[in-house]
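Chain nomenclature is as follows: A, B and C, assigned in order of appearance, with residue numbering initiated at 1 for each chain independently.
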Amino acid sequence: MALQMLISGLLLGGMYALIASGFSIVNGVMKLFNFSHGAFVMLGAYVTFWSTVKLGINPILSIPISMILMFAIGYIVQKYIINLIVKAPTYMTLILTFGLNMLLVNIALVLWTGDVRSTPMPLAGMRLNLYGASIPVIRLIAFIISILVTIILNLMMGKTSFGRSINAARMDLDAAKLVGVNISNTYALTFGIGTALAGCAGSLIAMVGAISPSMASLYSIKAFAICILGGSGSMMGPLVGGIIIGLLETFGVAVLGAGYQEAVSFSVLLILLIFRPKGIFGKELY
Amino acid sequence: MKAFLTGGKQKSILLIMAICVLAVFPYVKTGYIVRFMTTLFMYAALSQIWNILGGFAGYISLGLVGFVGIGAYGTGIIMAVGLNMYVAILLSGLIAALVAMIVGMPILRLRAGYYSIATYAVSFILWQLSNNLIWLTGGGMGFRFKIANAGIDRINAYYYLNMLGIVIIISILCMIISKSSLGYGLMAIKEDEDAANVLGINTTVFKVVAFTISGFFAAIVGGIYGNWLTFIDPASAFDSNLSVMVIIMAMVGAVGTVAGPLLGAVLISIISEVLWNNFLFVHQMFLGVILILIVIFLPKGIMDIFMHREEKLSPRSLARILGENISKFRV
Amino acid sequence: MELLKVSNATKRFSGLTAVNDVTFSVKKGQILGIIGPNGSGKTTLISMISGTHSITEGNIFYKDLSIKKLQPYQRARMGIARTFQIVKPLKNLTVLDNIMTAALFGRHQMSTAKEISLCLSGKFSKTAYIHTKEIMEIAGLQDKSNVFARNLTLPDRKRLEVARALAMNPELLLLDEVMAGLNHKEVENVMKLIRDINKNGVTILMIEHIMKVIMGISDRVVVMNHGSLICDGKPQDVANDERVIQAYLGNSFKNQQT
């Protein structure tokens, strides 16, 4: 029983880690709390849903599609909207992204209604048996993909030239400008990467469970909680934070009941904010 | 416009006349318009309440609806035990004030952005609690208030007057605050919290006091609201859209002033009504767009165009004012 | 009497020791000048006295009471006022409101309960208003009373910063480079202002780089370098001290003086 919950928690946590990494990059580099992050997760989920249902594409193949689409939307949104006031105090950018979230969620509600959707999956129902714990194969695949994407992202940030320019912008905006980094492009790129990750995470969520537009705000707050827990701006932070939250939620639901799933992570968030805003790795969330 | 705002005696007389007109209105015209105005008063009151901490001190709460819900459910539960409506409303206000003090002390020490998310989290947790504590709140099945034994027009008029009364009380309260030590303290906190500290302001106490006052009055509004609707459920009592509407109204009007939220409430209620009638499902989308536009172009609200401007208003100066924010903060 | 005693004060910022074992005291009514190269820890020291920064080791005594655990607002209420090197005007308030804020809160001892009732009282304080008008006259800002702080020139912003500190009715005034960016004439005006304030009984600690000012006004001078106090004495003695010359003043200054 405990092993079952442990594994479920881990698998959930891996996906949460992916959601949080997108949020973390944007927050670490641009000092932005993107309240609309969850909306991009949601949109990515719907991309996978519709491409599977309407176009018959294999869900796994829909992941790159959703990532590219989300990257494009994110890039444009940052470059032409958010960029206008990106250096403003936190409460302003927070409200801006809050409004953006409202806009995107309601577009989704108008287009696709608030009905909960389930993506028909190949391999649905198949389970792996590991020492008495039953693991849905799809969840395992989603977990593996999450971890892979996170690692690839980590490598990309360290080794490529755009990765370096993003790091430069994160460390010191003015210095980066002086050495020729195009900040506006770099920020747009960063945001795009963040939303692409969100899209990927959304696709995976569509694969493992039901989706609806209202999940957007939830995921934004969860991403925030995870980044506070694990620390933002690093790779390990969202990973560790995500897994911990995944485990906490799984055990919390087992103890308190399904209706309390979000209350668990939100309560953790509150407790953290009150007692240790620096999280586990001690790096302040900007 | 400037003259109107700084009026004086004439302004007071005009205001009293306006209030008298409003007070007799529901006896002259009945039906939907009365309900619309009641809702408008409610939003106006809530925007004012939000403004105390959000506009004056710059601590943006994304979860005001949490206190409204405490008021609605609190009043309902206390009335079910047998107490009179106004007593119940007052008591639920006190409960909300207590919750505000307890929750406020830790989260108000956070920096502005974190605080906002914390308020959202709190109102969300309250929603989930009300959904799950079925023995207390009826859960998803909702909660019924006793329906009064009177004609629909009289009932509408009754709640219309209650909400009107509340918005007047709260407006007076905000006027007093803006000229008092509390107002000065909160404004100093908004401008520069470090400087405020060094000037001798105990920022935590001031913030908690403002937060507690907000909680108390928001609950009172919630109590009237619940009684008016006669039926509430967690989704409607803790609807986060309400928190957002209030923010949009206060920001559109002008944060940090007394008349601003009122103006914003009127504007947005009308716009909302028009959109709802003509573009049923997309009106929330428009609100999202309005919020984005306001933050980018007019973060201090529409009234900012008129107040404190030494120069004459012209298309050119208007364009400059709209672009001010962008030129400061773009990259 | 010793108004302020800084005792082995040390401030560490995870790895960087900004202030290292500093000890000195200030008598009531004195003007103490603090000089030192940039980055020597002068502003950090002031921040530790005002409470903006916490103290890592050591202690600070004000009127023989240890204040190291007190919050900035508590110290403000005991009579310690400070200006910031990078001025912090309340930008969207008028000059009047800026000073009024200081006048309302400044040196008023009160308990939390009294504070809450002050918040709720909603009274418009006439005394504070009158006091504010006086301070504006003293600081030379009376014509700019309704100007928004964001529209002030730098010299006026500095004046506002000092006016605000004055409005708090301080016993100890901490000035952090108030002269920076001012021209000759403006410097003279501010020097006169500081002398007048001191004549009224206010003890002053001032950080400055302009030697003419420090040597001209201070009763005593302390010198900081790399976080440590390297000299403490009368202005003339400090100017002639070898260590100070090496660290800060340079030989050409010494040659100028002789």
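By definition in this document, a residue touches a chain if its C-beta (ideal position, glycine included) is under 8 Å from a C-beta of that chain, and two chains touch if they have at least 3 such contacts.
Quantities reported herein were computed from a predicted structural model and do not represent experimental measurements.
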item: Both-way neighbours, i.e. chains that touch subunit C and touch subunit B; value: none
item: Reference subunit C; chain at largest CA-centroid distance; value: A
item: Chain ID, smallest distance between chain and overall C-alpha centroids; value: B
item: Top-ranked pair of chains - ranking by C-beta pairs in contact; value: A-B
item: Approximate Å spacing (C-alpha centroids) for the pair subunit B, subunit C; value: 41
item: Cα-centroid distance, subunit A relative to subunit B, in whole angstrom; value: 32
item: Averaged-CA centre spacing for the pair subunit C and subunit A, given as whole angstrom; value: 48
item: Where subunit A touches two or more other chains, by residue; value: none
item: Residues on subunit A engaged by subunit B in the complex (per definition of touch); value: 33, 81, 83-92, 94-96, 98-104, 106-107, 109-110, 173, 183-184, 187, 217, 221, 224, 228, 257, 259-260, 262-263, 266-267, 269-270, 273-274, 277, 285
item: Residues of subunit B defined as touching subunit A within the complex; value: 58-60, 62, 106-107, 109-114, 116-118, 120-122, 124-125, 128-129, 131-132, 240, 244, 247, 251, 281-282, 284-285, 287-292, 295-296, 299, 325-326, 328-331
item: For the subunit C and subunit B complex, residues of the former touching the latter; value: 50-52, 71-74, 76-77, 81-82, 84, 88-93, 97, 100-102, 104-108, 112, 115-116, 118-125, 148, 164, 168
item: Complex contacts: residues of subunit B adjacent to subunit C; value: 176-177, 179-182, 184-185, 187-188, 191-192, 194-203, 205-206, 209, 308
